[in-house]
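The structure's right below; bear with me while I get my questions together.
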Amino acid sequence: MEKEVALSVKNLNVKFNLRGKILHAIRDISLEVYKGESLAIVGESGSGKSVFTKTFIGLLDKNGWIDSGEILYGDKNLAAFKTEKEWLTIRGKEIAMVLQDPMTSLNPLKTIGAQIGEAIEMHRGLKGAACKAAVLEILQDVGITEPERRYKQYPHEFSGGMRQRVVIAIAVACKPKTLICDEPTTALDVTIQAQILDLLKNLKKKYDLTTIYITHDLGVVANVADRIAVMYAGDIVEYGTSEEVFYDPKHPYTWALLSSLPQLGKKGEDLYSIKGTPPNLFNEIHGDAFAPRNPKALKIDFIERPPLFEVTPTHKVRSWLMDPRAPKVEPPEHIKELRKMGGKATWQ
Amino acid sequence: MAKFGSCRVKLEESVTEILRAQSGPQNDRREGKSGRRDEILRAQGSPQNDNRGGKSGRQDEILRAQGSPQNDSRGGKSGRRDEILEGESGLQNGNLSEKELFEFAGYDEACAEKIGYSNYSYWGSTLRAFLKNKVAVALMVVIFTILLFTFIQPYLPGQFEPNLVNNDASGKLLRNVKPNSEHWFGTNSIGQDLWSRVWSGTRTSLLMGVCVAIIEAVVGIIVGVLWGYVRKLDFIFTELYNILDNIPSTLVLVLFSYIMKPSVTSLIIGMSLTRWIGMSRFIRNQIIIIRDRDYNLASKCLGSPTGRIIFKNLLPYLVSVIMLRMAMAIPEAIGSEVFVTYIGLGLPIEIPSLGNLITSGRDLLMNPGLRYQLIFPTIVVSIVTISFYIIGNAFADAADPKNHV
Amino acid sequence: MVKYLLKRFARSILTLVIIISVVFILLRLMPIEGYFQNYEKLTNEQIQAGIHNMGLDKPVLIQLKDFFIQLLHGDLGTSRIYRANVPITEILASKIPISLQLGGIALVISLIIGLPLGSLMARSKGKFWDKFGTAFIVFVQAVPAAVYFLFIQIFGNEWFGFSMLFSKDNYSTWIMPILSMAIGNTAYYAMWIRRYMVDESNKDYVKLAKAKGVSDNKIMMKHVFRNAFVPMIQYLPTSFLNSIVGSIYVESLYSIPGMGGLLVDVVKRQDNTMVQAIVIVFACVGILGLMLGDLLMALIDPRISLNKKGGAR
């Protein structure tokens, strides 16, 4: 399969200034996003997933900055953007974002027709009746019934799921090439989640989008992702295709993450949880950030950062366990069982 | 759902964090987190050293066991890394053999739980934020100086009585004398020394302002607490508030002053009449929040007594806004006093006040030669009011946790 | 919504009734001289007769009842000292127009200057305009109005040669009074719109607008300012009130024959019935203003009014 690169991140470092102290939020990440794929970035809260994607459209908070690295998009280096004008060529038009909380993402005092129309007017240059027609079309695309009536309504007249559809509509209205979805279903009811994910999948197909999902919910990941990147403490510790990461994970953190799925537990057993807490990113981290919480850590894990080891051309792991010199460590039992479950796994 | 797993991790994290945050630097009052360490230490017979945060962890344990002097400067940063690098020989030697590098390092639960130590202190950050505001700090100095001076001034040598009518050597009335070495601010139309009148007036006006602020605070807090705590009273008070809030305060002041004979006390009361209402409403809202906010509920669940919740969760916010209102009360009181004097309901002329001085000076506006009688009190009023306003606002800004970043 | 309005209206009326009653009763505490011109020259019998005529010897509550009836007929009473035996409504009618005119113009000016200033301050947060605007606001809010009115007078007179005496036909004499009345509200609006705009800028929907590619400028004007303006509307009627009260000062400073100046006069002369009437009128205007403010808010904020019409929930 032809794999054209849509976005390429090279050695990205992002820092924040918090009360005078420097927080190293993204620690030297390199990743490639391929055209037309669905990439999921998984990690716990605070791992840096949102920050990572915010750098793609220049939405970093005022006290944050890109310390070093490149973000190559087409022929541009997004990390080097300094002016708003430069960002206006990317935001919406090329890369659009769906934010997390639909309850607050919409302007409460504007009709949703106006809000979607704003995007259309800006990026497609349509005005008046043509614009309204386009808005109605998009409303239908995202599955909002009675678009004519809804066009005139305000956000507070919509339920959470419908608001998220509107937010998605706004993102898609710009006809972007890449769509970033930041925890699109976290704030929604379980029943609505599936609908929204289906919608996103359909839109992806229809508009040939490259989608990046940010989530801490492995169920979502299983549903939508072609490739998965696992983030921990500002670094990507493992990435590969969905099958590879779910059925053949290699990094102890991925093991731990997958082990936390209640489905894998046996009735009557304690639920598995990872002991300890993520490290403090104000401090400099030596070696593998996950080492203090890893019962199977090697001494070198505390000293030097592991390089990326290749398992298959598409599956890379940043763990010393992959080094030929390291002792063989078997993944926990239930991880092995995952392999057996294979195509029968349902995550929802 | 996959969610449960990660949620459980999150819950544990946050509980640990809460415990850590509440105990602060007293990490070492052993809450089981460094449990293992103590066990080992005790087993090795070393004296327990309480000054260790959880930060050094195993490293110190090993060092001490080997008899090396404890080195506090390590902090949490080196932690296990140094421990490993030092290895068995106790030397700071980074050269471990390849074979050793790839050995298992053992699992220390204590280290796993190590989070960054947050040194956030609310009052500390507030003070720091306030001090960053150079203008506010400068004005505090100014106000303090003025305050000091208003009290000291009568005791300085060579000062005239504010109400004393001054005559010159030949017995002639020293009316409207321009500022000179004798009378630094000059004299007014009946020969009274303006310098002392201005300072006396400042004293009076400031006194009135402070009294109004205090009354507002006391009455406001009492009513507010009752209003918030005693649920049965809530309805009555709320309706009462809605009615009272609708009444323009200036009118109340005018009316009150019209009816009562003007004196310092009556003015103070008139000015306080409407201010306490705002304060009490605010306090009441805060009290209700004690009952309703989730983080207070969480504190309760963790076993914090109500007093502690009030003290640590609520008081910081309460105090800072109480102080803001009190700081604002002073320029507003001075303003009201000037207004009321202007209408003719102010203090009698024997009691100098900034309002008096400005009003009588005002009549001389047309005469450029006599304008000095207006300018001095005006400048003092401006400095005092602007200072309190800025200080009050700066303090409120500094006390807002959003500005503590 | 209708229910809400009725409730609000009823509350306003109740407040008004209470105020009127309180004012009325309090004024009964005033010395009798307030009811008679040339008090010193009257004999005791004349005084007694006068008191009886004015109904001042009846029990207070009866007087109150009578007064309310009187009010409902549109009679605010009669002046005794200021303009003896002239119905107060007549006196007020001649004074109100000029106050309204000046107040109205001042209000418009303060909106035209205050709102753009505040939004400019919000947009250039921390930079020059913000600092300049803040200095202006601090000065106007902190320093008593009396003081900066004087500054305006001095500067207007010295630098521009404006006369300090108001005359209806000479428009140059309108400038200083209107400026004085407008300045307080200008600072007030600028401060509030800035505060609201800064608050709105931190909200999520602004982030989304940014993500969809709207330029910062457009976000400020079309989203932030418009949303920040909505809560401002409740302040409009109230600040109209402020200008009325401020007018008390300004009018006497410039000898303007309006309502405010009238109040000062009658207070000085201790004409009780007039003080009572004017206070009541001011209170009415005040309460009306607050109610209008709430009403406007309910009309303009779609979240409030549309809540009653079933939205999809």
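Order of writing sets the chain letters: A, B and C. Residues in each chain are counted from 1.
The working rule: a contact is a pair of C-beta atoms (placed from the backbone, for glycine too) under 8 Å apart; a residue touches a chain by one contact, two chains touch by 3 or more.
Just so you know, these numbers come straight off a predicted model, no measurement behind them.
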Revision key, fill the gap. Relative to chain B, the most remote chain by C-alpha centroid is chain A
Point to revise | Chain whose Cα centroid lies nearest the overall Cα centroid | key: B
Practice item. Compute the distance, rounded to whole Å, between the mean C-alpha positions of chain B and chain C. Key: 33
Review point. What whole-Å value do you get for the distance between chain A and chain B if each is reduced to the mean of its CA atoms?
Key: 43
Point to revise | Cα-centroid distance, chain A relative to chain C, in whole angstrom | key: 55
Study note, to complete from the structure: Flagged in chain C as touching 2+ other chains are none
**Study point:** Touching two or more other chains - residue numbers and ranges from chain A
**Key:** none
**Study point:** chain B residues within the chain A interface of the complex
**Key:** 1-6, 8-10, 12-13, 16-17, 75-77, 79-81, 84-85, 94, 96, 98, 100-105, 107-109, 111-116, 120, 125, 404-405
Point to revise | In the complex with chain C, residue positions of chain B that touch it | key: 242-243, 246-248, 250-251, 254-255, 258-259, 331, 334-335, 338-339, 342-345, 358-359, 362, 365-366, 371, 374, 378, 381-382, 385-386, 388-390, 393
Review point. Which part of chain A faces chain B closely enough to touch in the complex?
Key: 18-19, 44-45, 63, 190, 216-219, 257, 259-263, 271-284, 286-287, 291-303, 320, 323, 325-327, 347-348
Point to revise | Touch list for chain C against partner chain B, complex | key: 11-12, 14-15, 18-19, 23, 26-27, 29-30, 138-139, 141-147, 150-151, 153-154, 164, 241, 245, 248-249, 252, 263-264, 267-268, 275, 279, 282-283, 286-287, 290
**Study point:** Residues on chain C engaged by chain A in the complex (per definition of touch)
**Key:** 203-205, 207-216, 222-223, 226-227, 230, 301-303, 306-307, 311-313
